[in-house]
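Next, two complexes with chain A in common: one pairs it with chain B, the other with chain C.
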Partner chain A sequence: MLSYIVRRLGGALVVLFGISVVTFILAYAVPSDPARMIAGPKASMATVLAIRHQLGLDRPLYVQYGAYIWRLLHLNLGMSYVYNLPVTTLIGQRFLPTATLALSAWIAELVIGIPLGIYTARRARKLSDYIVSILALIGISLLIPWLGIVLLYWLGFKIPIFPLGGAGGISHLILPALTYGITGAAAYTRLLKSSMLEVLKQDYVRTARAKGATESRVINRHVLRNALIPVITYGGIDIGYLLGGVVLLEVTFNWNGLGILAYNAISESDIPVIMGTVLLTALLVVLFNLLVDIVYVFVDPRIRYG
Partner chain B sequence: MSVQNASAAIGGASKSQKKSRGALFWKSVRKFPMVYVGGLIVFLLVICAVFAPVLALHNPITQYQNGLHMDGTPVGPSKFFPFGADDVGRDVYSRLIYGSRVSLIVGFVATAISLLIGTTLGLISGYFGGFIDTVIMRITDTILAFPFLLFALALVTILGSSLTNVLIAIGILGWGVMARVVRGQVLSVKEFEYVQAARALGASTPRILFRVILPNILGPIIVLATLAVSQNILVEAGLSFLGVGVQPPTPSWGNMIYAGVQDYQFAPWLMVYPGVALLLAVLGFNLLGDGLRDILDPRNATH
Partner chain C sequence: MSNVLEVKDLEIQFEIDEKYYSAVKDVSFYIREGETLGLVGESGCGKSVTSLSIMRLLQDTAKVSGAILYNGENLLELGPAKMRGIRGNEISMIFQEPMTSLNPVHRIGRQIGESLMLHKGLSASEARLEAIELLRKVGIPRPDEVVDDYPHQFSGGMRQRVMIAIAMACQPKLLIADEPTTALDVTIQAQILDLMRKLAAENNMAILLITHDLGVVAEMCDRVAVMYAGKIMEQGPVREVFRNPQNPYTIGLMNSIPKLEGPRMRLQPIEGNVPSVRNMPQGCRFAARCPYVMDICREQDPGLLGAGPEHISRCWLQADREVQTQ
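Moving on to the complex of A and B:
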């Protein structure tokens, strides 16, 4: 098991290297000149050249990449052109709001998706299964901002139950979480349903039933534990969608987090901030997938890694 | 036996197999009626996009004076504007019809780009294994690590906002899952006798990959591609909503929704119609993809 974890860590390191290369190329491929961005449109060519030299932009690519990695290892993501603050500071200020939002969105997905998955698996091929499946499919086909605005209008404005966007207490979290839950739950429902149907056919489920175990015990102890494995895998993949979707959620609900930071940075060509958020989110995805792979070992007794 | 004969034999075998498989396919389609609904929606969508100039009542970017009230607010659904007019007096219905073109082009072309990259890399990775496999799979992991929407947003910003760049961005970011699935499929079929037979008969590697293995794993690829179309349509709409991608006055459902947000309270048609159009289009591809998956699933096979 230890060698499996070590191997998995090695793979993650290679991916981290890949991520650093991709973000470096993207930052380098930007058509707008960073030196010109800092100096402003009125600065003379000499000033621009001086800044370019100061930033090391006139040195060969591999030297710049080396410097880039060196800065990353020192948690230096550069300075924002617009705010004139270190990118790490900007990200640090907004990390917690985004983490809160993403976590609530994810919980909403699970709270909606998992019970529906169990329900449709137990009612497979009945009318209620079809109705719930179609509803879940409609959910997954909705555009996040569209659903968000409609919910905001009806549940925030017409019937003012929830606040109209912004950050605050739990009441501010419910609508964005619900929006993401509705659009994301179907993936979990679908996955859990098919894996439960597979498990329900197994001999050990029949044995449990033959022993006289109650239906809820069979489902909870025997079926769910085994059927949740692919769901956990998807949880790791989902973090990527979640961190992308959070941009749409934050813009829709005016939630001042990393998503809005990136969104504003994009309209202002603030490259260090864009690259910083892309890098951070990619890092989180790698981390979570690593976590999922390690959790596996403990969840599924059948998986033994030599 | 020469290579030609051998391949003819292989081709012949797969053809007769295909025929019975095709019959089985149509037999099991009946068990999953939602495929028809999905197929119908997709068909209507294609009709909309192709015959947009015929179906549209007005020019989608003309600003009509009678589209606005005296106080400058847009007029609601009427005989002249079936779905109302937008905030500068353009016909929402005609813009909706033309907007289907953007969604479909992004859906199909971006998926085709991802499919080309993902399938090729997946085939190579699965077939050769070893070091090549490791390298390709680590590259795939890298691409999959970037949150799709955020990365597409960054890429389109860097390349510049245009339909072509949206296509490229979505296309070159979306192949990760496809490469993984294709690789898995290749691993499961590459030891079959017909692959070994083709190899023994001296078929070239590209021929084995694309003419022998690929046709046999087409099912899951088609399912994946159909679902990718629906996802890519949503991503395009999301990018348009965030202001990158197709720029007004060219209509796309995403930028129509964005433009309608401000006026939702007194002119709900601006946001409701494009939202519903988007929902139907995405739902159509989802129903089709889900249905095809159920039909092609050997566990649901009709015998």
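Moving on to the complex of A and C:
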């Protein structure tokens, strides 16, 4: 197991290296000139050239890349062209708000999606299954900004229970989490339902019933754990994605997180910030993939990594 | 001796394309305490659905009628909680598929102990100790080590032993074994059958043994019921039925298996196929394949007719014999 994790981390480094190359190249494929952006439209060509030289943008690409990697190894992601602050500082400031939002949104999805998955699997092809499935379908097709604004209007403005956006205490988290939970839960519901229906057909479920187990014991002890693998896989991808910052959610709820940071960086060609956020997202995806593989071992004893 | 189980006029219907069809009809049999009844017949004749209906484990869309009396109580009228109290406690079941009948994510000991915790109120640690004892009883080496193993660490034969341990945990009065050895190697088959026989004798446990292997019936059973297309064709004590088979279907089955003793004969598989539940013939269900078929066979079911002490056969030929003996 340990050697497996070490090997996987080695693999992760290779992936991150590849991503750093790709983002670096992509960043330079962007036609706009960062030096011009920093200097402003009215600056003289001399100023622009001076800035370009100062940033090292006039050196050959591979030199720039080498320097970039060197700085990366020292956890130096460079300076933002726009904010004139270290990228690590910018990301550091935004990571905690995004992480709290991501975690609460994720929990909301699980809390809504998983019980409904179990419920619909138990009631498969009964009326209540159809009703819940239709509700889930509506949930999945709602747009985050629309649902977010509806919730803000009713539960923030008309009946002022929750704050109208912004970061703060737990009360600030409820509406964005609910918004994401409602739109995202259906994926978990469907995944768990179909997986459980598959497991319910298995011979060992018949064995459990033949022992005299109650239906809820059959579900909770025999079906659920076997049906969880695809849900764990999806859950890992989902939280990784959420931790990168969901722009729509952050914009709707005026939440100053990584999503907005990345979005602004792209529209302003703030290359160091773009590269920093992309690298962070890649790192998260790789880490959560590894975490998911480790969780598998605890769920299914047949899975062994040598 | 009293009957542990008595099945009366059992009919099982399944819904296919919004219409109900009988997969099993007019099935009646009984099993005495400690006795082994064999239920034989070709594939698809309704053996498994009959056994599942006793445990009330058919899907809820199946319609079951008639009576299934366990110690005089009709299981078909029992509430769900009472029925659960019987499953795995008074009546246990083992299945044909040892490779898939155990839950892959739970330890063997847990799975064996589960019914003890459910029915006998044992704690987890007491159940584990009892599971070790049961593993020893079913002949699994190093029981105190393997009790914490997972099913995938076991071979097919060993898994079937574990299934037997699960079934035996609460010392049931009746064991339903649905082709328990079909999926196993011949040598392992013999070991498993020996084990079942030994445990049944020790616990005075009755067995309903489902098989399509007449050799297994000869070795294990006191009485046998021969099923065809959802109906019982012949029923009687094993020696009697084997020495003196009355029903053309039984004779056909016996001719289709190799004999160990006596002159070697060519195997004669019965020609044709079991009719599907959707188009069961109106008269005798075997008529289309029977070498002795008569006109009346196609029109009317003969019903079960006496052929000797405890020996009955569903055949018009029997009617003539009955007349002759009168």
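Basically, the second predicted complex is superposed on the first by the 284 of 306 C-alpha atoms of A that agree within 3 Å, B and C clash if a C-alpha of one lies under 4 Å from a C-alpha of the other, contacts with A are read in each partner's own complex, and residues count from 1 in each chain.
Keep this in mind: a residue touches a chain if its C-beta (ideal position, glycine included) is under 8 Å from a C-beta of that chain, and two chains touch if they have at least 3 such contacts.
Quick caveat: nothing in here was measured; it's all calculated off a predicted structure.
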- Larger residue footprint on chain A, choosing between chain B and chain C, goes to B
- Query: Is A:P86 contacted by the first partner chain B, the second partner chain C, both or neither?
  - Reply: neither
- Query: Which partner does A:P230 reach: the first (chain B), the second (chain C), both, or neither?
  - Reply: neither
- Query: Taking the superposition as given, does A:G156 touch the first partner, chain B, the second, chain C, both, or neither?
  - Reply: neither
- Query: After superposition on the shared chain, which partner residues are touched by A:V286: those of chain B (first), chain C (second), both, or neither?
  - Reply: first
- Given the touch rule stated above, what does A:G240 touch, chain B (first), chain C (second), both, or neither? first
- Which of chain B and chain C A:D203 touches, first, second, both or neither: second
- chain A partner, complex, touching residues on chain B are 34, 138-139, 141-142, 144-151, 153-155, 157-158, 160, 230, 234, 237-238, 241-244, 254, 257-258, 261, 264-265, 271, 275, 278-279, 282-283, 286-287, 290
- Message: Going by the contact rule set out above, which residues of chain A touch chain B in the complex?
- Response: 11, 14-15, 18-19, 22, 26, 29-31, 134, 137-138, 140-146, 149-150, 153, 157, 190, 237, 240-245, 247-248, 251, 259, 262-263, 266-267, 269, 274-275, 277-278, 281-282, 285-286, 289
- Note on the structure: Listed in rising order, the residues of chain A that touch chain C in the complex are 202-204, 206-214, 221-222, 225-226, 299-302
- Okay, in this complex, where on chain C does chain A touch? 55, 57, 84-89, 92-93, 95, 97, 100-106, 111, 114-115, 118-119, 150, 152, 163, 166
